[in-house]
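I've put the structures underneath this note.
Both of the next two complexes hold subunit A, though its partner changes from subunit B to subunit C.
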Partner chain A sequence: MQSFVLSSEQLNVLFETLMAKMPMMGPKQRSDQPGFYHFDWLKSPGELVLHYTTTTIPPKKAFFPPVETMFSFKLGDPPELTHIIEDTPFVLAGVHPCDLAAIKALDDAYSVPPADKRWLANRRRAIIIGSDCLPDEYCFCTSMNTADARLPCDLFLTPIDRGWLCEVHTDAGKNVLKNIQKDTAQKKDIEDASQWRLQKAEKISTKLNINFEAFAKILEAGGLTPIWKEIADRCYSCGSCNTTCPTCFCFNKYDEFDTTLTSGIRKRVWDSCQLPEFAMVAGEHNFRGERWERVKHRWHRKFLYLFRQFKRPYCTGCGRCSRACTADINMADVINQLAAASEKERSHA
Partner chain B sequence: MPETAMNAGQVSGFYMPELAKVYRTCRKETDIIIEAGMHSGRPLGHMPGQFVQVSVFGYGEVPISICSSPTRTPDRFELCVRPVGGVTKALYNKNSEDWIGIRGPFGRGFPVDLTKGKDILVVAGGIGIAPLRSLINYIMDKREEYGRLIIVYGAKTPDLILFTSDIEQWENQPDAEVYLTVDEADNSWNGRTGVVTLPIREIEIDPARTAAMVVGPPVMYRFVAMELLKKDMDPDNIFFSLERHFKCGIGKCGHCQLNDLYVCHDGPTFRYSDLLARTEAIEAWAPEKDQD
Partner chain C sequence: MKKKRIAFFDFACCEGCQLSVLQLDEKLLDLLDHVEVAAWREVMTGESDQYDVAFCEGSITRETDIHRIQNIRQTADIVVSLGSCASIGCHNALKNRWPTKKALEIVYGEQAKHFDSIPARPITAVVDVDYQVLGCPVSLTEFEAVFKCILTGQAYDPPNEPVCVECKRNDYLCVFEKGQICLGPVTRCGCNAICTAFGEPCHGCRGLLDQPNLEAAATVLTADHLHKIMDAVAHQYQLTREEVLDKFSLYNNWPELTFEEDDTHDT
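What follows is the complex of A and B.
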């Protein structure tokens, strides 16, 4: 892997050059809530904030928007259907390692044949520029092996004394840097970046007390219903955890007529397994009608079913669900609580 | 059917329906049977037990199992719909010459190849007869390839019995055994009353050479399973087709997740033996360790 050094001015030139060619989405400060950030289309490179803790909504929305139009229809004999999918290239900048790991996880999940071609088509449009992060008390990426995730980014930025260390991860990333003034990275620059990451890792206080495989086995063994019920007693089934999760990928779809009542669109929208009607079928039979069953399903899906299928938990340790939870249900705490309860059960047996 | 699978996959990955035309409808008070064909002229290429995603533009899309047999009208297919939600109510109002959207077929249907030479016991509850009618007519058309054909069908009331003309034909076949029952009889009814497990009890089967294909409301499966196990059937030879509210049909949207399985893609037909270790397969059915 090649690495270069860009001064802050040179990095600005890079973003200006890119934005002259294509739209760019990146983290920017929320005008309604200073100190909070969100991924949005940038009007100028100056709006981009690279030193930010996290966003409420993850950058997966660049490829899988919370609401998107899949096609439009016009009633007639026969009706006309128009497939709607963007094809303009864009840049997604300022993506933290945990969110890069999440995009990779969704690449894998959506690529399983038959693939979700909407996700794949949107992914092909993007150049991804990752950047190192400022963790807070909710982050536990060091327990999830995502603190230093890079794939699938094209370039990755880490702050150093001389400006930014810029790692080149793909040919597309190399092309982007072609006419940009830059320095070759020296040993000192690489060490600076390592030191920065070390300090970042040290700041992370939330940790899991169990490894993925052992936790999957606990879930597989079943039981622990009192714990699930205790957690569920606090849950409001609001779905905030799903909405803020970078690896959740469930969805629903619905049609909308326009005012002519002869044409309209079909939309796809993020959905949540925590909502009571998610697993409901005709006749109001509900396969996860109890709140504790839905809470349990969330952990099982992320740490057992998808873990077994893709050899990685569908959690990156970003802490968004814990931050968003109005009932203070904390992802890491729940895992540690289940691990402790299982240990206790075993020692009594 | 590799070509069909590819064809369905090509459009389904973008969730784009193909246009289909309604040729004929048969509307009763409680349901409608719609006969349709793809606008492109391509055969649907389904197997018994598969489903399609049916669009009524402006109303939405719902999964409906295909109730016709691919052996009969390759360029047409039939859907049996009960008007319960917004989309199914819109489908109920469709007439011939109207347009609908189709994605699919999706899913693993009944194991018609695996069970060749076996006695087939079909157990249908309510609208569960729809996908099984496809299977029954498929077997009728390949009668020499299978052993006994035993059909048990239970409806709530006599007027809710579907496919009455098919049933008449089946009853007239010397090599089919038909047991029709209703939960609540009325004055017009002089047949059996009671749930589907009652006729199953009467039937003598050879458990070693029988395969059971079961479709019904969630509550029916466990009682049918208990009866079949009492007859010494192996859970490997009992096949359940499950209903879920599929949104995508390709194992992505998450709505049909049954533990580690996606009902739309890994099913909807499952061996009972594969469901035994899983929770959430059938309503209120969980291994003891997950109960209170």
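What follows is the complex of A and C.
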């Protein structure tokens, strides 16, 4: 892997050059609340804030928008369908390591046949520029092995004394840097960047007290119903833990007729397994009708089913679900609570 | 196919839902192409008592209202409760916190004897309705969706998902972050989180979910320390359980809101 050094001015030139050619999404300050950031389409490179803490909604929205039109249709024999898939390139900048890991996780999940055409098409459009971060009290990426994730970014930026260390991870990334003034990285620059990562790891206070396999076994063994019920007593089933999660990929679809009643569009929207009707099937049967079953499902899904299928938990430790939960249900705390409960049980047995 | 004849009727309310429907502007004309209008006091004079679909707004607050809505039910094939007064009781049901006589005296003083009144209730509590449109005032998106369902013979169930879902899909800032108290987590969505879009909390005008976790709300809102997003609320407000109920019953006092009636996870 090649690394360069860009001064802040040179980095700005890079973003200006890119934005002259294509739209760019990145973290920027919220206009309605200073000090809060969100991923959005940028009007100018100056709006990009690389020192942001975190965002409520993850950058997956660049590839999988919360509400999108899949196709328009016209009834008839045969009915007409027009798929709406974009192919113009864009840049997604300022993606933290945990969120890069999440995009990789969704690449894998959405590549399983029948692959998700929309996700894959949007992924092909994008140049991804990652950037390193400093954690807050909800982050637990060091426990999830995502603190230093790079795939699938094209370029990755770490703040150093001389400006930014810019790692080149793909040919596309190399291309982007072609006509940009830059310096080759010296030993000191590389050390600066490792120093940043060390500092970050040290700052992380939230840690899991159990490894993935052991936790999967606890879930598999079951018998945790009282704990799930206790958590469910506090849970609203509001779905915010899913709608803020960078690795959640469930969606719902519905049709909207226009006023002619003969043509319309099909939309898809982010869904959530915490919502009461998520698992409702024909005949109003609901195989997770009770709140505690849905709570249980979120942990089972992320740390057991998908862990077994993809050999990695579908959680990056970004902490968004815990931050967003108005009922104060905390992802890492629950894992540690379950681990402790099962430990106690074993020592009694 | 013969065009359906539609009619609009109002009971105790501000008539804001009818007025909102008019704000569909050109779209309304496109929709009305599919029907004939038999009665609609807010937009036309004269009314016919031959109609297939009755859009009824407002709450039932007098004995005479009961007969009138029953009559409408007998005439129409399809009855739609239009808005939260008609569907869930809305503010009107707040008066049920007082004995009817007392409520009459508070409002009309000495003239109270000239008025007849019964505890307020939504239309849905008196007759079966085929469709509900929620909101104070109605969500126009939902009105349009319901209108199209009527025309195409499809059922429509009000969403049983909280406002938080739409709030997050739009990437709005959670108002709890600003120390405000929001009813979004227990309130039916369908308004596209229009209030939080403008930085205002949801007051619950679209009614409670089928299984709102009011106990969770009480736990959260009465706590004296919580995580970051809620700390300002815990510190500034320190609500009591009664105050939590007060907040939640603003639009949702039919039937009278209590914690005991809440369905928690065991339903």
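Definition applied: the second predicted complex is superposed on the first by the 345 of 349 C-alpha atoms of A that agree within 3 Å, B and C clash if a C-alpha of one lies under 4 Å from a C-alpha of the other, contacts with A are read in each partner's own complex, and residues count from 1 in each chain.
Methods note: contacts are C-beta pairs under 8 Å (C-beta built on N, C-alpha and C of every residue); 3 or more make two chains touch, one makes a residue touch a chain.
Everything numeric in this text was worked out from a predicted model, so none of it was measured.
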| item | value |
| --- | --- |
| Subunit B versus subunit C as contact partner of A:T243, first or second or both or neither | second |
| Touching partner for A:P114 - first (subunit B), second (subunit C), both, neither | first |
| First (subunit B), second (subunit C), both or neither touched by A:R301 | first |
| Subunit B versus subunit C as contact partner of A:W292, first or second or both or neither | second |
| First, second, both or neither for A:F310, with subunit B first and subunit C second | neither |
| Which superposed partner A:G222 touches (first subunit B, second subunit C, both, neither) | first |
| Partner chain in contact with A:W196 - subunit B first, subunit C second, else both or neither | neither |
| Touched partner set for A:I85, first subunit B, second subunit C, both or neither | first |
| Subunit C-contacting residues of subunit A that also contact subunit B | 256-257, 261 |
| Residues on subunit A engaged by subunit B in the complex (per definition of touch) | 70-71, 73, 75, 77-79, 81, 83, 85, 109-110, 112-118, 221-223, 225, 249-257, 261, 264, 266, 268, 271, 273, 278-283, 285-288, 293, 297, 300-301, 304-305, 308-309 |
| Partner subunit A, residues of subunit B touching it in the complex | 8-9, 12-17, 19, 21, 39, 55, 57-61, 82, 84-85, 97, 99, 101, 217-219, 243-245, 247-248, 250-255, 257-260, 279-280, 283, 287, 289-292 |
| Subunit C residues touching subunit A - in the complex, by the definition given at the top | 27, 30-31, 33-34, 145, 148, 151-152, 160-162, 164-165, 168-171, 173-174, 176-178, 182, 184-186, 199, 209-213, 215-217, 219-220, 223, 226-230, 264-267 |
| Sites on subunit A touched by subunit C in the complex | 30, 32-33, 36, 38-40, 56-57, 61, 66-67, 137, 229, 232-240, 243-244, 256-257, 259-261, 269-270, 272, 275-277, 290-292, 322-328, 330 |
